[in-house]
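Each of the two complexes below includes chain A, the first together with chain B, the second together with chain C.
On to the complex of A and B.
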């Protein structure tokens, strides 16, 4: 490999790849080194200009069924999972059945309930934007609770990278004083966030780059009624005492633009249209799309790279005087070629969608990064003659945050359907000694009524108007308008997001029978919940009952009637049904695809080291949520970004040698 | 209509829409959707059948207005009618949600409908102008943003009685 095509090739134009590219460019520049970087993206580059981004918004408005991937069309050459493809994995006789109607081949026993986007910008196009850091014990689950595995790094190790992710890549809005987390030193958020960067943060007193996004009227209503209440949850048996939790509504750190906390911080607006999206305007559609890009997406970082470091040299410019970044979309990586303990090249197919045959390419580089999403990374490695898989952990330990939804009709108007998807949560259950017996969970308060569990407001309109066999409108005219005004603003829902523990049996594999239009392997997924996870379902349900009772919603109700009460219910024929101790629950995916190439110090039990470097192939980094050994209760994107910055530093250091 | 010129079919359609939705003429005109939804009605059930609906609706609304019957003529003539009731249901949903919901089989067995009578979002604008968002005191998800921090303010509608 005397003359590689590039210094660095990155597979995947999402947040991880973008953050690594940006870091490598910026850190290398400090050593007067100017790398040439290629980013290969499987999906389309529809939205790298603001006017094209608007076509995504229009597609969302016109979509018949509005799901996270509605705005983002996929090609058969780079298909993507869709939550609409999730079906029960049982036939009419209750026998197990493979679900292969979508992109995923779901072998069950439960369907994997999450999706991701294969478009330039990746799944940050439709993430909610929650940017919670992990808690200290999340990094040492085995040491503290005898569960899962420990990370090779600790919270304090990752802290400086969290800070850079919050300031330099994502842009986070939050107030340190309003973070009420369990499991932190002296219950003091100031200590949890204390920075070692004394140059930037005087006396180490940390602050976020932007002021917190205001808590919704709903959050304020809840705080008035439940702040300080105690929720008591039963132990499993006589030996385990009851556990008590004090409820405190906590404003959530988010990747949404607001007012800078310091004049030095420059708010990053829409890609290609910086004046737009300077502040969150309350479009109430973070998922599936922020119409103004006030919420961070990776297009912003990618756009910055191609504008500042275009691959094409301008007239008079000479090679080696500045970094150069090349982004190629509709390029699907097909194999990581490796020999003698190192990667020797990468093959990919470029597709055209116009009837022209896909073309084959090979590219070489000094260093390679896979940052194509946890499931895509694993599939590619398995398809590459089992690359980087001496540990047999590639594809294993697939995790998500299974969500239990509970919802009810409040006695008063709380102004539902306004504001970002969530502005606050209840962190009380994120850590505690109960984690030796059952999983921790985070409570996300939803601002969009019953949109998630019941597809409202559609269903509420249909319930009231009626039709069908009878053919007669039940409510119409002024009575309909008034009744909707009485019901919709009172709709309330909570998501109880359960930490999933790593299990070798939850895995992605490949199978010759299942391939896509480019003849690339489709992910074959086996997925289930452990008893450790399931044991928290009755807890979440019980916590919900106590909370709902405090809010005056104790009565069980069901649509199509609308009266104050608890509307939570789980149907036994749902695709994601879970039976536990005689009770039926349904869980939803959180879109948090984690764990398929976990990091660790031991090459026999982990795929990458703490820098996300392959134990087996040292010039290969496998980056993203797949590297996380355990998940904690934080939405994983912020942690993934912090890890990407750490990886970027390492690559820059090596390329500078 | 209060003058000697007979109303046009589109004017009757607007008047019918006011009765069905509970939104006044100015509010409906403000959505910019009257023309589109009038065309949608014609596409779904054909011009002749739409003409019949508008004729019966117009007569009933006139009667309610001139004889101060407070809707008692409109309900049996349109809402309770096997011929016009199901169309009214779809029109209400159209106005509130921007989406056309197909007519029921029992209706088609008697009166038929066109091949266009399938579920669809009429347009992005129709979605954004869905009356449900106004009725909820909100704004369409993904459109007409009310501004930074607006969600922290008390909602626009008064507290309803539970």
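On to the complex of A and C.
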């Protein structure tokens, strides 16, 4: 192909695509190369203008059930999964049943419990913004614990990219000294974060671009009551001794604007409205939407690109003097065309809101990047005549962080429902020799009462107003407000986020019977938890019991009564029920969609190499959380961004040749 | 009658007093703009709201800049009345407010967004406050006809080595650039004469005190310092309010003195809460409505105190049950930021509440700063009484 339309075409206008585009532009400029880049986004670009973003905020305000996708309008042409579509995958007789009422076609045996947003900006529109790095052992699970697979790169390889992701793309607020992680050198966060960039960080002493978001009052309350306590968890059998864990409340690094640690760092406000969102305001709706965009979303990076490098040349500008970035929304990629070991073009459909029929297009480039959600990347490859799939790993090893929620009513007002969704966690269970037998987990402390497990505060209002059989309201007016004031601020919940191991049977496939309005394949999902994951459920539940007891919440309670105690319970008829060793648990999805095109050195067992380049089609990069061979216990967006930067460097190097 | 002319500042004491009043002058316009901003109904008048909001944020920046200059000269910003050329002047205004210092501004009144309100904004920000010739503005005794002349006098004093020596600039108690945010540009830390002048120039350049020559320059002229991230640019307050007043944007080729002739900027004056200002003790609003007005004033009082406490470099003791003493020392600046959000919520709630005796109108925040502990106690006590009243 002599004259491609673009130097680089990226499918997906989320954080991975945005970070790759930005990196390619900036790194190429160092070699005086100025690429033309096209970003294709399946969803709408509504949110890129500040006043239209406000229509999303209004949609959130008006939604009766505030799930992650509630502010973001779905489209039949680019449908998206919604957690409200999750149903039990069994019929009335207990026989398996396919769940196809939503966008996903769920074949089970468990429903895949997470969603993502198909909209410009992607799922960063509704992520919580947790930006933990992975731990060193997370990259070598097989070598250290004989589980899962090893990454082709190690923590030290990715470290410089983590730093750039934290500074140049996302903007992370955290304090190195308050990161108490297991499995790091000498248990010393300073060593774990030590930088090789001595120019920027004197003596390698790393610091984040912004000061930590202050720990919530709840975090401080917990620190006072449980910091230093020992939790003892039983071994599986007599051969395995008990395991002891020391609890330490650790402030969590987040993609949330706060005070810069140095005047050189420029805080990035809302896309298109730079004077908004320069600090977190504590609006307490990070999920599903930060109304001021103090939380990072990929729109910020995309906005920077189109303002600095507009595709349209201005009067007097000549081609080849600066980079040019073109973003086209409502363009759904339909096929990666490939021939003779390389990609030859990409087809996509553009849909319109004014009644015109969708139109078909083909675009060519020197290099192609798939940077959609892991499930979308896999679906597209499978629909492209099984592209890049010599390993038969495309779509396989689908992972998430299954969450076990536990919740209770504390004896005192801890100020629930204030501030960001989470400001601290308990990292004690993120690594240890127990990982040979059961999965590691991270503990996220939730600041928003019981909204996740019980849809409070709304249900608490209903409980108190009551009605009961006699139809009489119990509380109303001032008495209702007073009682709510006594209950809601004491509500407390923890999410025990379990690492899921890669399994070939957990997979995305396509099926001719299931297509969307544009005739594109819908993802067909088979999903389950391994015994390795399930073995941590009783551990998490037991750790929760010990923690709750220490906090005075040992007594088992249930709504609609409200007394100090443990309200955790799991219903057998829940869609996401898990039975393990005679106990019933429910797990929720964390929105961490990972692993459908894993990276590795061996082309027969992995889809991409460590630069996220397809083993089979060298001019194709398949980027995003899908490349992660294992998940660890950190929320994957930061790692995905670090990988995107590494990929961006590689593409820039090649385009500069 | 002889025409009075503005006097230059004669010594360091007078300069410090003038800077105390400059901090207050910047504060005094904020409630005027906020009342209009918060009266806009949710989801309407996006452009008007953005314009007013951007100006408010710059006034906040200016207040901090003036405080940094004052602090650098070794004087703590204070809400206490200042003796300036024999007059006792309170830096914090009571509305409606006629500045004894700068006569050209006229009366500062708290109004919801309306054509009158926008007219007054334009007048405040015009170099000669709407007059063609500053000589037509009567100079008050010991004061200045225009804000521009007031700042000119401050600049002249800061430039004079007779009035302030190099060693007078201590760089004490600076609000840091990293602590100021929300657009509007960067806060300058004042460590010497040069940075002091830069700080005052920044105030003048963005807002009030704009030199008349600027009316002949392109309306959308911005200095480098006003270029925010992503090429976001802020031109003068005057030009921004002129756009609201005329309902059109300036064309990039027009000068600030011309009438904007660019694209339409629609302002819907009906999508505004019909708030009506009634001054403290000037009404018969009791009950929960009266209590809410008092509580707003108390919240505003606390906010102003926190801001000044932050400027004076002090910490604030706040309650924290988790501390053994039950108290914790905190930087008052972030507390003040909390106070700003709380104030907005209260203002919006007031402006949605009908006045019982005049239901076509809604309550209007008074922004009444209760200066003494007695005043505060009275506001608290009457609020409590009124809360208990029922109708």
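Just so it is clear, the second predicted complex is superposed on the first by the 654 of 657 C-alpha atoms of A that agree within 3 Å, B and C clash if a C-alpha of one lies under 4 Å from a C-alpha of the other, contacts with A are read in each partner's own complex, and residues count from 1 in each chain.
Basically, contacts are C-beta pairs under 8 Å (C-beta built on N, C-alpha and C of every residue); 3 or more make two chains touch, one makes a residue touch a chain.
Worth saying up front: this structure is predicted, and the values here are computed from it rather than measured.
J.: Under the stated touch criterion, which partner chain does A:220 make contact with: chain B (first), chain C (second), both, or neither?
T.: Once the two structures are laid over each other on A, A:220 reaches both partners.
J.: For A:177 in the superposed arrangement: first (chain B), second (chain C), both or neither?
T.: neither
J.: Now for A:260: first (chain B), second (chain C), both, or neither, which partner does it touch?
T.: second
J.: May I ask you to decide whether A:602 touches chain B, chain C, both, or neither, giving the answer as first, second, both or neither?
T.: neither
J.: Given the superposition on chain A, which partner contacts more residues in chain A: chain B or chain C?
T.: Between chain B and chain C, B touches the greater number of residues in chain A.
J.: Classify the contacts of A:485 with the two partner chains as first (chain B alone), second (chain C alone), both, or neither.
T.: Only chain B; A:485 stays clear of chain C.
J.: Tell me the contact category for A:58 with respect to chain B and chain C: first, second, both or neither.
T.: both
J.: Check the residue A:279 against both partner chains and state whether it touches chain B (first), chain C (second), both, or neither.
T.: So A:279 meets both chain B and chain C here.
J.: Which chain A residues lie in the overlap of the chain B contact set and the chain C contact set?
T.: Common interface on chain A, chain B vs chain C: 58, 217, 220, 279, 281-282.
J.: Where on chain A does chain C make contact in their complex?
T.: 51, 54, 58, 217, 220-221, 224, 259-263, 266-269, 273-276, 278-279, 281-282, 303-304, 307-308
J.: Taking the touch rule as given, give the residues of chain C at its contact with chain A in the complex, in rising order.
T.: On the chain C side, the touching residues are 43, 46, 50, 53-54, 57, 176-179, 181-184, 228-232, 322, 337, 341.
J.: Please name which positions on chain B make contact with chain A in the complex.
T.: 19-23, 71, 79-80, 82, 85-86, 88-90, 92-93, 96-97, 99, 101, 104, 106-107, 119-121, 123-125, 127-128, 131-133, 135-143, 145-155, 157-162
J.: Mind pulling up the chain A residues that touch chain B in the complex?
T.: The touching residues are 57-58, 60-64, 66, 214-217, 220, 258, 279-285, 289, 291-292, 411-420, 423, 447-448, 451, 457-458, 461-462, 465-469, 471-473, 476-482, 484-486, 488-490, 563-564.
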